[in-house]
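Order of writing sets the labels: A, B, C, D and E. Residues in every chain begin at 1.
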Amino acid sequence: MLQTSVAANEAYVPPRSRRRVAGRLIVYGVLIAVALLYFVPFAYTLSTSFKTLPQTAYFNLIPHPFTTAAWTSVWKDYDFKRYALNSLFLAVTVTLINLFLASLGGYAFARLRFPGREVLFLLVLGTLMIPDQLRLIPVFVMLTNWHLIGNFSGYILISMVSAVNLFFMRQYFLTIPKDFEEAAKLDGAGFFKTFWRVMLPLAGPAIAALAILQFQGTWNDFFWPLILFGQGSEHLYTIQLGLAQLSFTYQTLWPQLMAGSILALLPILVIFLVFQRFFVAGVTAAGIKG
Amino acid sequence: MATTTTTASESLRRAGRGSLAGARIREAGWGYLFVLLPMAVFGLFFIYPLVYGIYISFFEWGILGKVHGVGTANYHTIFHDSVFRRSIKNIVEYTVVVVPLEMALGLLIALVINAKIRGRAFFRSSFYFPSLVSSAAITAIFIYLLNADGLLNAIIGGNRAWFGDPSTALWAIVGLNAWTTAGTVMLFYLAALQSISTDVYEAAAVDGTGTWRTFWRITFPLLKPAHFFVLVVFGIGALKLFDQSFIVSSGTGGPVYSTYTPVLYIYNTAFKSAEFGPAAAAGVVMFVAIFLLTLFQRATVGRSEAG
Amino acid sequence: ASGAQARSEHAQATTITLSGWSAGKVEDDLLQTMVNDFNKTHPAIHVDYSVINGDYATAMTARFAARNAPDVFYVDSSVAPTWVKQGVLQPLNSYIKASKFDTSKFYPGLLNAFKFGKSIYGFPKDWSPLATEINVKMFRQAGIRTAPRTWAQLAADAKKLAASGVLPAGAKPICLPPDWARMLAFIYQNKGSLANVQSPAVAAAVNFYVGLVKQGLAATQQQLGVGWPGEALGKEKAAIVFEGNWLLPYMHDTFPQVLMGVSPMVKGKVNGNLGFTVSYSMAKDSKNKAAAWTLLSWLTGKVGMTKWMSLGLALPSRTDVKAIGGRKAFLAAGPFSHGWGFPNFTATYTIMSNDLQAVMNGSMTTAQMLSDVAKSLKG
Amino acid sequence: MATITYEHVTKRFGDTTAVDDLSIDVADGEFLVLVGPSGCGKTTALRMLAGLEDVSDGRILIGDRVVNNVAPGKRDIAMVFQSYALYPHMTVYANLAFSLKNFKVPKRDIDRRVREAADVLELGPLLKRKPKQLSGGQRQRVALGRAIVREPAAFLMDEPLSNLDAALRVQTRAEILKLQTRLSTTTIYVTHDQVEAMTMGDRIAVMNLGVLQQIGTPVELYTDPANTFVATFIGSPAMNLLPSEALGVGIGGAGRLVGFRPEDVQLANGHRAESAELNATVEVVQYLGDELLAYLKLRDSEVVAKLPIDADLPLGAQRKLAVPLRKIHLFDAETGAAVGMAA
Amino acid sequence: MATITYEHVTKRFGDTTAVDDLSIDVADGEFLVLVGPSGCGKTTALRMLAGLEDVSDGRILIGDRVVNNVAPGKRDIAMVFQSYALYPHMTVYANLAFSLKNFKVPKRDIDRRVREAADVLELGPLLKRKPKQLSGGQRQRVALGRAIVREPAAFLMDEPLSNLDAALRVQTRAEILKLQTRLSTTTIYVTHDQVEAMTMGDRIAVMNLGVLQQIGTPVELYTDPANTFVATFIGSPAMNLLPSEALGVGIGGAGRLVGFRPEDVQLANGHRAESAELNATVEVVQYLGDELLAYLKLRDSEVVAKLPIDADLPLGAQRKLAVPLRKIHLFDAETGAAVGMAA
């Protein structure tokens, strides 16, 4: 009945309302503007790396004259390849261990019942509150006595798991419906298997966030590498220790520092781009009704 | 088991393979196993230093160790130290402002880039950029922006040195940190947003819920576990402010004590003055204060954190 | 750093470690060369040199606590009192006596920074006092021939500069940091001292210093929107600053176009200056003290220091070693320079900096500040 | 208060065509039941109407308005989700009240309407609970309640009673009908329950594999199915469908299928006029309370018969059955399309 | 392969008692159907048996073993969840194979069993899909498949067919029964579907408000309900229940309720011996395909009658109805307990 009377424009489908379209456009405009604003620091970093030192004194986004001297210097005068490899090794190792231990522990705190769980969890939260400055000396003395200073093992040992990561995984596991675990239990999956095959895949977004942050955290860590193997032994230097060679009390080699920073930033960017694809909405929604 | 001491429950226990045993004990065993390594790390490298710190706080203690016991004198010292008292005032003001700001900004960005928009990956990356760029560059830029002849003054007119003026230095740090930390907060929120079931949004859409109301009545409450996390972690992070105040003031906490923080106090007292007793006492005071605060948060915000 | 190969060559040699912070790649390389020389000339000793780039004090404190400090290392005059008090530095008197090391060649003001009671805890490796640095072009344009030599000239030149209109908008004649590490020099010039910090002489010097700011003849680096006075000079936001030897490479590298004049520090009632100096010291816990002494005395001895001065990166702390040219303005201050350092250093310095800022912005009186400082100096 | 029109609507998910060229007109105030086997596209059709799924092709109208690009909230419809989709953080009360608040209904009215719905659905004592603390059926009732508190232009209900017990289902069914009649709200109701489909719908639309098979009143569908799919799908147990040869000569002819419903099978004592007769072996007998379901073997085919409870049917016994010719449907064996009755 | 015993089992959630002193013995290989209104505690009873919910009081045995403290995975049971609980990140195939892998079934067997189950449940073409890409009924079938690929000591099925259409339900029902018979696996089956309950169960257990009302064979429950709850709950439409006075003098006596099923009501032409008679007004007539459901008014009460399709029942007409006395149940008006038949 209806379709015959409007046969002329049968296929006509009115577009989205104008207000909605306008709203969209405004949102995009704002987004792009803000994105550009957020891009400024990077642009600044990039442009500084192509400046001469005297030019760095002024906030100017276009290098003039344009020089790649800083890049050559960073590559030739300093062993940034080695620093990057060291950092990569540490960041990958520490991130993997953290992801595993934090999600395992976070899962236990979220879902397994055991006496003392709440007290232990408060302890975990408690560790957040202890400033590094307070624990530096005891930790350093301990590691010295165990001969773990001056190589990577001490650093990896103390960075194996962070309370922030564990806490975050716990919070995330709390939001995953219990039904999946119950099904897994009945399907004869043990506690570890339930965790590994069912819960962990469902925590994909959280894992992705942690992978990004932990990788970046280790990659950018300065304080502990400095204390634990920053003494001499240049073959152990991380990217950040390497970058520290570029600034002194009264002088900073800004072009080199910024060139180095960009080198230092690329792997994190890659990690970010890889892992951000794991932010998939409503992963758990499809499995249950209720 | 909720059974009381009736004979029925007795026989039940006997029948249940000896004791309360069985599944419960196995579950607990796995629980302990799962948290064993993390707890060992925390115990060795956090709790032990903390306990050690508590011990130190009752001594005069130098670089080479114990000198002699002083009772609670270190606590008297710090509480009578106007610098320490000022640092507490600063940090409370700072935290109260910066944390909500970080949360709001982080959540806002997370929401925007979680929306179904074209080029989501692009926006995600660009909004995360400030978190990627080295903090040295960010701080340098911020100092440029907030200089007496910086961009901000150029826009609003005036010639205030935002980092150099005692009345604004702390707020300049607030701005700096809110801006750089928002990316991290955003990531946590972004992850948390994914755990919200999509059909809830569909139901809300059919129910004619506007964007604003969907956010406040659906998204926001369902993010409760994330709020609790962000509040605790970034609240504590704010209370531990050190780096930026150190850089901006070259370690003096200036101008006129306006950026002095408790951790800076601990740092200076311990590593510059080598007075580990008062430094430890300050650390303990901070720990206790934050711990009580966290317990309080847990009792309020965290209570029903979607268990 | 030397590799495993070098180490194995010196398998029989005593290995000791040497640490310091880095003031630039050139300087690091120079010190490494010197260490190599030393290793060659002293086959029984092998020195491992390592740089700590970053938080030196913290890293060292951790190592002291772990009884794991380098054998020989840099000590800044400002932390020396603390570290001595903590007993982590080795008094060198017995070694001096045994090897008849001549301490008289060091400028006494500098050596005193590492001398506590009768004990010497290190020898200054180099140093720098403050000098008066000016923007020559601006001075010329304002019709001023020479850099100011006295307080009166300083004030007069500043006024002239301000009136002449050669200063760009937002610039001030002088950049004065709210920092006792500059102001203390003026206090010494007014016959004041930290020993009697609440004296009228100190107050007068403070008032002169702060007065320059209050009159608008000077501004702090924050007010000028720069990181430190050197940058103010470079960006032509100030025509006069008081900085040390470190300003020279900075200006050369970053602001080569700015023509800078360096002349001796201004003078008040008397000459007075601050000596910023760093020593080589030995760890109390060193297990190879004899070897450490050999290194320390070589580095601070005439031969070592001459090599160290070869690139002109710093000023010699020994009177028998010549500096390279163009450093006269600094060297003249040797006899009347006071080492930068005092008891309860960090707490006091915190108070000094913050109170001085408060005095400058008018929220505190000079007397209050001096009383705070006096209290803190007593501990 | 609105007609609903699907005009050649298609929905594809990648390779799967979930809904294929669907055209339906639902009259204002009509109660249309949508049935079809699992996975035939019912939910998808509803979700497109609700605006939760994009339309791949064709258009959907509510009233005269093409809604393809209208936001779900602006379509003035209420939906019961197959997956419930309750707000997990809200109490039952808040779940029910939520949409009313969206539409700025006065507070007093909200309370009244929520309590009314809760009464109807026996949710009264549960108003303060959270969804997690409810049983499956209770959740489903909340989902239903969330739709009925509103007074929208159309109800879309996706198997809203599937988890309720018989008594509650009968009662709720009646309440839905009452409400629908009172408000005369256009309703599309997905169910797989025969009784529901037959008793509730003004018309029934039968879908299969994304394609609409037949649309008509319950009686039409039952007595005059358009094809074998509808014939076997409507009615439970299903219509018996046999090659025409199975009933012996003379009926239908070659290339035809004959169909007859279990309740039209009678135990034949003696010859009956106008009936087809068949000899079959009793295989299984199921007891249904007031009747029997007999599964009988007829050469290679199986025949189901609904017989009086006192029928004498020992397992393995041979019985002669009769089916009145005017109850026998004929279908094309290839296309499955109906071609008329045997008499 | 195992008996299942509930011994005085109680489950409390805070103030709510979801299951109250439940005692049931399920014989080895028995197929027990659990029915009861929404929220009566069926799911909770199953979940306790599965080990997913703590038992507040009493004990549960599988075989001779008290399992109160045995981990769910060690109880050798498979469960179909009312909420499906599919693993959203796994394909249908992986969902089905998951438990088999856990139990270290050889890879070849896994594949065979998964494909068999998929065939039975018509999931074949969907094996590579993720749950998100399935319809409601398809999801439910995956949930069911996950249980049947295993060969456990007991099946627990919580409304496993509620989202399936009639044809598929009939077929799946048959497959479940076939499987259960072949493996003779003890099964507890929750449903709200009358037909399912009556046709599948060896015995039926009826619960209400957490309390077991009656347990017995379908015929027992239908013909001999223990109380008014069971009487009205089993059978659809429900048994008519009236104060004894409504049927006139002589039947039951004071303080009694009389009950009779709709199908036992006949249109009375002339007086019938051994029958109670009543005059009622036709209010609504529903068409059920092969029969009619008539809702009639009898003074203050309503009576439902299932009558032949050709009955002449214009709305508002007065009709005389008869109910054979031997079909009339008597109940205590206060306790609801059955006290015998009228004749």
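Note that contacts are C-beta pairs under 8 Å (C-beta built on N, C-alpha and C of every residue); 3 or more make two chains touch, one makes a residue touch a chain.
Owing to the predicted nature of the structure, the values given are computational and were not obtained by experimental measurement.
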item	value
Co-neighbours of chain D and chain C - touch as defined	A, B
Two chains joined by the most C-beta pairs in contact, as defined above	A-B
Centre distance in Å when chain C and chain E are each reduced to the mean of their C-alpha atoms	91
Chain centre separation (chain B, chain E; CA means) in Å	54
Gap in Å, rounded to a whole number, between the CA centres of chain B and chain A	16
Where chain D touches two or more other chains, by residue	71, 82-83, 86, 136
Shared-contact residues (touching 2 or more other chains) in chain B	24, 26-27, 197, 199, 267, 270-271, 306
Contacts with two or more other chains, residues of chain C listed in rising order	55, 58, 61, 65
Touching pairs - complete list by chain label	A-B, A-C, A-D, A-E, B-C, B-D, B-E, D-E
Contacting residues of chain B [partner chain C, same complex]	62-65, 83, 143, 147-150, 159, 161, 163-166, 252-257, 260, 267-274
Chain A residues within the chain C interface of the complex	53-54, 56-57, 77, 136-137, 140-141, 144-145, 149, 222-223, 226-227, 230-235, 241, 244-245, 248-251
List of chain E residues in touch with chain A within their complex	50-52, 71-73, 77-79, 81, 83-89, 98-99, 102-103, 130-132, 134, 136, 139, 146, 150
Contact set on chain C toward chain A in their complex	1, 17, 19, 22-25, 48-55, 58-59, 61-63, 65-68, 70, 228, 230-231, 234-235, 246-247, 249-250, 253-257
Footprint of chain B on chain A - complex, ascending	27-28, 31, 34-35, 38-42, 44-45, 48, 59, 101-102, 104-105, 107-109, 112-115, 117, 120, 122-131, 133-135, 137-139, 142, 157-158, 160-161, 163-164, 166-168, 171-172, 174-176, 190-192, 195, 204-206, 208-209, 212-213, 216, 220, 243, 247, 254, 257-258, 261, 264-265, 268-269, 272-273, 276-277, 279-285
